[in-house]
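Right after this note come the structures.
Both complexes shown next keep subunit A, but they swap its partner, so subunit B is in the first and subunit C is in the second.
Take a look at the complex of A and B:
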């Protein structure tokens, strides 16, 4: 019974995504209730799956009854169960936010459910080509969601995202092609065995690893392949920014980790140390470059986008280090970053609606005008910097411990420096919010920034609740880290991680 | 020299794959016209399709329907994969063209450099 949870996790949102569009024939406000129903069902399935996986071990579902390695399998282990649960929780939260914040209309909710299906599929699949299909479903839904912004800039950002994202996904497909030519299989578990048999130093295997990682680096938005991300996050409607900043890159980073650990395995890294060095090196560059770019931004949403480039550098570096502490850190930071970044975007949306502030300078004196939002923003920002005991601290702590254990001192140094760099762009904001007098012209933003009539559009209880919930989670989730470590123990052991 | 001739004579499909991938990436990067960028994206994907098709070729292979007296069958899997990938590519092109229609309606141009100027002026 519980095996079918895995397939329902994907099937329920896909079927659900048809309902709002078809329902438009009769009723044009059907989207939200349908999305809530489907999203809660999805969350229940993800929770059931997590309970099953942590009680009884990995769940495997054979699609259509075809035996692996010939058929497609869905495989849910500890890491994928946690990511599926994260997808369920965050997407349900976004619904509470989007009811008032918009975008309205049935088509938005259809796209939302399609994105949910794509993300769930990427999380549970155990087949390399199936992953490509879900990657593209996620991508298509995300491009269309970005384009739901009500000015032309959203369409330009979405097209840029589409072209760069497609090249990334195509590179991944080419990488899968190389692996397929080398082994004749697409099943991840089977690939792992046959790639080892072909020999890790075979040019085909090396080329496939390079193409797969570069393809996913585009989707995760590592420097210098991140160029689609700031435009997409800044131009999309705020609910969409919350959704994609919290989930799309997160699940892509999970998929990269899954491929590195389950398909190429840690033995590949042992046999080809250059591959590991290049992956970790690229991630470390991304950490520094993302932070530097974030410091130089004036727009809050762009600053948060560049901050993601830096934080995902940390996660990919941890995947490259691939020892136990680093991987626990990667998972904790993956979950923590989703909560914190989604929460920061949600808070930025609330701030924009109540005060019209969009830029770093307009945040001056925010603590007086919007005390709750300013407080939440400050807590989330400090959690992201890594102030103990917040989840941001715990994730980075594990990753640094992993880097030290692996004796990668340069990486450990970059990670520690990254905390200072994160402080550089968040501290100036906190300082402005609390200790700077607002400039005279605040409240009447310059042209281009949408002006807010009548002293602000309304902010619903749901929006505030989401912001507060994210803040509380960011502050307290860190205490769950040792529990997460214990839960991941069997999974990491099965992956051969020392 | 003979190595190059040999490559062109026996591995011309792979040469075509590399050319298609290169031309596709070049069009995406170098062209300022948004429609041409989308065409470039399609050319790039076509290169990948050709790679899969070429790798699936078996000399003297038969259609994978069990028949007496046939020993060599062709694996149908790569063809099915590419059929799926083509469908994905068509959907991507459709979404891209829909976005381009909206951009043209909003800004009245398809040139990326002009678009950038308009956006900075706003």
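Take a look at the complex of A and C:
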């Protein structure tokens, strides 16, 4: 029974995504309740799956009963169970937020459910080609969601996202093709064995690794392949920004880690140290470049977007280091970043609706105009900087410990410096919010607050609850880190991580 | 390993701190009621909780134990809880407001947390918090207490850092922060760092100046808390670091006993006099820990227990005098025996206890430490401890004589109010009970820990309290004290303010810091001019990236009216970059 949770995790939202569109024939307000029902079912499935995995170990489901190397399998281990749970929790939270914040209409909720299906599929699949399929489902849903913004910028951003994202996915497909030519299989576990048999230094294997990692670097948005991401985050409707900033790159980073650890394995790194050095090096560059770009932004949402470039650099660096502490850190930071960044976007949305502030300068004196939102923003920002005991601190701490254990001093130094850079752009905001008087009377701009879809300025209880819940989680999840470490122990051991 | 039932689900220190936060929001009456409940709860909890290690956890990859109950930590928790309850009652009666008592409770909570911690990391965590909360308690009173609080915080910050450095080094050698992983702190540099760091807390001679500096300044009820927790947690920490003792520490204890009593003799401010006696009495405890035999360690912890009783009672009685008269100095009061007999009698009991007169509790525990020094043939130490005893008698005869007997106080003075009386009489009663019936205390003394250590009343540590020798010793000290006071009364009353080492190191710190600041400022000014220029450029670029890029891209172009260069890459550029990246990666890997 519990194996079928894995397939239901994907099947339920896929089937559910048809309902709002089809239901438009009868009722145009069907989307939200359907999405809530499906999302809660999905969350329950993810929770059940996590319980099962942490109690009894990895869950494997063979689709259609075909034997693994030929049929498609879904494999859920400790890391994928956690990510699936994260997807469930965050997407359910976004629903609470989107009801008031929009966009409305049945098509939005169909796309939302399709995205949920794609993300869940990427999380649980054990097949490299199947991963491509879900990557495309996720991508297409995300492009369309960004395009739901009702102004020209959103369409342009979506087009940019579409073209660059598709090229990235195609590079991944090309990489999978090389691996298939080398081994004749697409099953991840089988690939791991046969790649070793072919020899890690074979040009086919090296080419496949290069194409796969570059393809995913686009999806994760590492510098300098990140250019789609700030536009998409800043132009999309705020609920979409929350959703994709918290989940899309997160699941892509998870998939990259999955491929590196389960397909190429740590032995590949041992045999080809250049590959590891390049991955870690690119990630480190991303950490610094992302932060510097974030400092130079004036628009809050673009700043948050560049901050993601930097934070995912941290996570990919940890994946490249690939020892126990670093991987625990990567998982903790993956989860923590999703909560913090999603929460920051959600707060930015609340601020924009209540005060109209979008830029760093407009945040001046925000603490008086919107005390709750300013407080949440400050806590989330400090958590992102890595102030103990928030979750941002714990994730970074484990990654730094991993870097030190692996004797990668340069990386450890970059990680520590990144904290300062993160402080640079968030401290500036906190200072504006709490210690600066508004430069002019920004309370009521001449033309009224810029219109938000559905015209409302009102903030619902659901939106505030999401913001507060994210803040509380960011401040307290860090205490669960040692529990997460214990839960991941069997998974990391099975992956051959020392 | 988190077993142990509901009693050990939450460390009591944490519970008290949380309760303190709640108390801060309550009315004065409710805050004090909650305070009594919390501290009395701690006392009851400590009496019934089973021995063992609880709440083992993994903090950032280090093993940590948040709660560890053995004989020593239990004894500390019992007395901390007991005196906490009495002090809260006293605070309520002495018009302390709810916020002050909330700060005091947080200080109590962190101290209880420290003595119940099971590893060095957790101990250090509560230790630093204890320094912070006590600083807040001092600051809360305002006025002169502010600057004293800064000096206090600075010194304890330095001490805490030394302890931290020591235990990190210890971790490097042992591989674990747990107490159970090693017998005390690693010898060598870590031991020195930890000894000096803890030395700040217990008031090693030379590091003690914070004691007389801070205790006299805050509210009289705050002083009752301050005289108890910091130094005694220090003694406990000293034992954890050196369970086998160390001769140098023992002699430092002897020096503290003499120095503290001697300085106390010269004081005129009543609470300042009492604070020097904290140093002196803690000296006996440090000496006991330093000697390290079964009898000495038992004596040290018995003295911790007894000392907390009579010292808090002393601060309470003197507090009542200050509370009723508003006078801090001995020269301003006198003849109060007729005005406030209850305060005078309880003060007398406390004074006889601290001086170690037979029949009072100080006699028992001080005798144990002195007896241990005698048995180990540490004659010089024995003499130091005896000399300290004489000094103690002398200075308490002085304090009692000038405050209560000598002269006559102008005008009527009310005695202690009901709440103060309750707290004082209860503690005074305990001083007498433990003095007359020492077995009650011996039953509480801790069990085995170090290889050399056996619990009283086991064979290795037999000590009979009331022998002829001991009685002669105790009464002899008293006689010497009275005789000495008769001789020294005149010259002592001419002594004015006596400088202590802080006069030196406040100056050294002040002028030293000023020298450093001036030097650094000049250097900084030079660097600053260079940096400001660079920073202006960077800040300009950050504020307006577009025109900065334009300036770099077209430095010679005078015409800026064209479209500014953009940092944002278009679709085409991105695909180009992507192709270049793929090519580079493939080229590097092949």
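Descriptive notes on the structure:
Going forward, the second predicted complex is superposed on the first by the 484 of 498 C-alpha atoms of A that agree within 3 Å, B and C clash if a C-alpha of one lies under 4 Å from a C-alpha of the other, contacts with A are read in each partner's own complex, and residues count from 1 in each chain.
Note that contacts are C-beta pairs under 8 Å (C-beta built on N, C-alpha and C of every residue); 3 or more make two chains touch, one makes a residue touch a chain.
Bear in mind the structure is a predicted one, so any value in this text is a computation, not a measurement.
The partner that reaches more residues of subunit A, of the two candidates subunit B and subunit C, is C. By the touch criterion stated above, A:274 is placed in contact with subunit C alone, subunit B being left untouched. After overlaying the two complexes on the shared chain, residue contacts for A:134 are found with neither subunit B nor subunit C. Once chain A of one complex is fitted onto chain A of the other, the partner contacts of A:147 are limited to subunit B, with no touch recorded for subunit C. When both complexes are overlaid on chain A, the residue A:155 reaches subunit B alone and has no touch with subunit C. Of the two partner chains placed by superposition, A:363 touches none, neither subunit B nor subunit C.
With both structures placed on the common chain, the touch criterion links A:163 to subunit B and to subunit C. Once chain A of one complex is fitted onto chain A of the other, the partner contacts of A:254 are absent, as it touches neither subunit B nor subunit C. Of the two partner chains placed by superposition, only subunit B is touched by A:184; subunit C is not.
Shared interface residues of subunit A, touching subunit B in one complex and subunit C in the other, are 159, 163, 167.
Within the complex, the subunit A residues that touch subunit B are 129, 132-133, 136, 139-140, 143-144, 147, 151-153, 155-156, 158-159, 162-163, 166-167, 170, 173-174, 177, 180-181, 184, 186, 447-448.
By the touch rule above, subunit B contacts subunit A in their complex via residues 25, 28, 34, 37-38, 41, 44-45, 48, 51-52, 55, 75, 77-78, 81, 84-85, 88, 91-92, 95-96, 99-100, 102-103, 106-107, 115, 119, 122. Residues 159-160, 163-164, 167-168, 171, 203, 206-207, 209-211, 213-214, 217-218, 224-225, 227-228, 230-231, 272, 274-275, 278, 295-296, 325, 394, 397-398, 401, 481-482, 485-486 of subunit A are the ones touching subunit C in the complex.
Considering their complex, residues 57-61, 541-542, 545, 567-571, 573-575, 577-578, 581-582, 585-586, 588-590 of subunit C touch subunit A.
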